[in-house]
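These are the structures, in structure tokens.
In what follows, chain A forms one complex with chain B and a second complex with chain C.
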Partner chain A sequence: MFEIQLGPAGAVIMAGRLDATQCEAALKFLDGLAAQAEPRVIDLSRLEYIASAGLRVFLLTQKRSKESGAGVRLINVAPQVYDIFRYAGFDRIFDITRAGG
Partner chain B sequence: MNDTWLIRAPIALVPVLLFLGALVQGDSYKLLRFKTVLTIAAAGALAAGASYVANVWAYGHFAGDFQSYSRYVSPWIEESLKAVVLAFLIRTRRVGLPVDAGIAGFAIGTGFGLVENLYYLASRPDSALAVQVIRGFGTAIMHGGTATVLAMISVMLYERRPNGGLHLMLPGFLAAVALHAGFNQLLMRPALATLATVLVLPLVIYLVFQHSERVLRDWLDTDLDSNVQLLELINSGTFLDSPLGRVLKSLRDRFRGEDLADMLCLLRLHGELALRAKGVLLLRESGMEELALDDETRDKLAELAQLERAIGRTGMLALRPLMLATGKDIWQLKLLGR
Partner chain C sequence: MKRHTSVPSDAAQLSTLTQFLQEFWSAADLPAAETVSFELALEEIFMNVVMHGSPAGPVPRVEVSLALCDGCLTLIIEDDGPAFDPLSLAAPDVAASLEERRVGGLGVYLVRQMMDAVSYQRLGGRNKLSMTKRVREPTP
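After this line comes the complex of A and B, so read on.
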């Protein structure tokens, strides 16, 4: 089960499991958002699992956001998901904050 | 240099270079850098030089005519020399997947074919234009194709037995010699040989590349999950209660406590570095700028090497059931160190 929606403060909220079957929907949602000058904030406090296909979604979103001069900020990242970003070396690619950090 | 040379040289040299360029560009993971491909092609060119010397010597001792020599002897010599370059690349883990091995193989063949064609251009300046067409579209691409076949078959065999001997290159080598000899056999009808090469080899190589990229992507997905699960088990302190942990515990009567502690550290470090390597591949795949090797990863690679030494050969063998030890697993850590 995976959910993606726009929160009241304008942050994208992801919840559940972001695996290969959900990537297309996630990418489509993120692509559909209007380009903005400020970094796109994505709240991952309720994201429980991420597969490599999910990491691709973030990389592509980051690449597109950077092209428009912004970027992606990942906030409230659950420890088990944060560790995957860190081990993969993506903590140097994204502005990323661990939940409770 | 005359006008005819300016027409003949591109025909003899450009097709194989374009094909090599297409292969390098078509690799989504950018497994081989442009500079590396050029170096490998240069090694292929050296192999062509060595092959010239060997062929002159062997033909001097051959009792039959040139046609028989080119069918039954020269393919063995030429494919052997190309295989030497490839064996070095595989054994030093500079290539480890069908995709990068295939590109490396084609680069070797490109270097080889270019030198051969330059030699023909220089030594037979008055040969018919059709000869250059055959050499450019036929012979050069054949050299690339046979080395690609040798490379991809060999790497697939090394994938299952990464520490296997040189004999694992034999099936690929025999296939390359058979293709080369078959091409030379068809040279009685050069147009047919060239047409067959241009139509069949690029298509086969393209299809195999597509398949290999899919396999690599699947591996990336499944192996990343395995690495994450292993690390979660170790970090949560529940590893020793898991099936894998029980295997490690079963080694207690054969190894000292500190060795077992090193083994656990090694498993964790291996998992972390494997994830880091997959991060590099994902970055390349998405076309993002790659990050320079950071101090933390460099330290981890050094620590991994130190742990491997401390555990020793017997300990590493005992760890095998716990660690994924396919060619790809070893290759991905080499990728980080490059």
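After this line comes the complex of A and C, so read on.
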């Protein structure tokens, strides 16, 4: 199960498992948003799992966001997802806030 | 404890394999914190097989097995597709700036980081990738 939606405060909220079969839907959603206004914050408190295909979604979003603005922040990142971001060196190219931190 | 399953090399089968792994995890009563390493390894290697399968020939068959021995779990993924050694891929530069970032090769890099040991063999027309990690302290 994977869900992506726009929260009431304007943050993009992702929940569940962002595996290779869900990435196209996630990118399409983010592309649609960007046509209106580039997302600034993605809340990952309910994202349970990610692999390299999912990392690509964040990388493409950040590249586009940085072209026109300040980039996207990732907040409330769960420990097992944070580990994968860190292995991939994403802590160098994203502003990441861990869950509870 | 050992389990084995087999699926066609098709991205739609990823959920079947994830479920196979999760059922093994419950049955063996393994620590939840270690699941993600194996879920990730399964996805990365399976999706590599899907993407590198022969476009014109028959759909490769993918065999997946899990074996738990003395606290170490071994995941073996075999397929009868074209020869492809994922361990031959160059490591990505995870210190590169945003502009220079590429995602290619990141999957296998993550698998190497998260597993204790990874090896590839081409045997009898089949690719065989073995991945092992300690998931529990050995029983005394």
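Structure notes:
Definition applied: the second predicted complex is superposed on the first by the 95 of 101 C-alpha atoms of A that agree within 3 Å, B and C clash if a C-alpha of one lies under 4 Å from a C-alpha of the other, contacts with A are read in each partner's own complex, and residues count from 1 in each chain.
FYI, contacts are C-beta pairs under 8 Å (C-beta built on N, C-alpha and C of every residue); 3 or more make two chains touch, one makes a residue touch a chain.
Bear in mind the structure is a predicted one, so any value in this text is a computation, not a measurement.
Of the two partner chains placed by superposition, A:Ile75 touches none, neither chain B nor chain C. Of the two partner chains, neither chain B nor chain C is touched by A:Val41. In the superposition on chain A, no contact is made by A:Ala11 with either chain B or chain C.
Residue contacts after overlaying the shared chain place A:Ile84 against chain B and chain C alike. Once chain A of one complex is fitted onto chain A of the other, the partner contacts of A:Thr21 are limited to chain C, with no touch recorded for chain B. Once the two complexes are overlaid on the shared chain, A:Leu55 sits against chain B and chain C alike. Of the two partner chains placed by the overlay, neither chain B nor chain C lies in contact with A:Ala99. Taken together, the two complexes place residues 20, 51-53, 55-56, 59, 62-63, 80, 83-84, 87-89, 92-93 of chain A in contact with chain B and also with chain C. The residues of chain B lying in touch with chain A in their complex are 220-221, 224-225, 227-228, 231-232, 235, 271-272, 275-276, 278-280, 282-283, 285-288, 291, 294, 297.
Residues 11-12, 14-15, 18, 33, 36, 39-40, 43-44, 47, 94-99, 101, 103, 106-107, 109-110, 113-114 of chain C touch chain A in their complex. Within the complex formed with chain B, the residues of chain A that make contact are 20, 51-53, 55-56, 59-60, 62-63, 80, 83-84, 87-90, 92-93.
Chain contact summary for the complex, chain A toward chain C: residues 17, 19-21, 49, 51-53, 55-56, 59, 62-63, 66, 80, 83-84, 87-89, 92-93.
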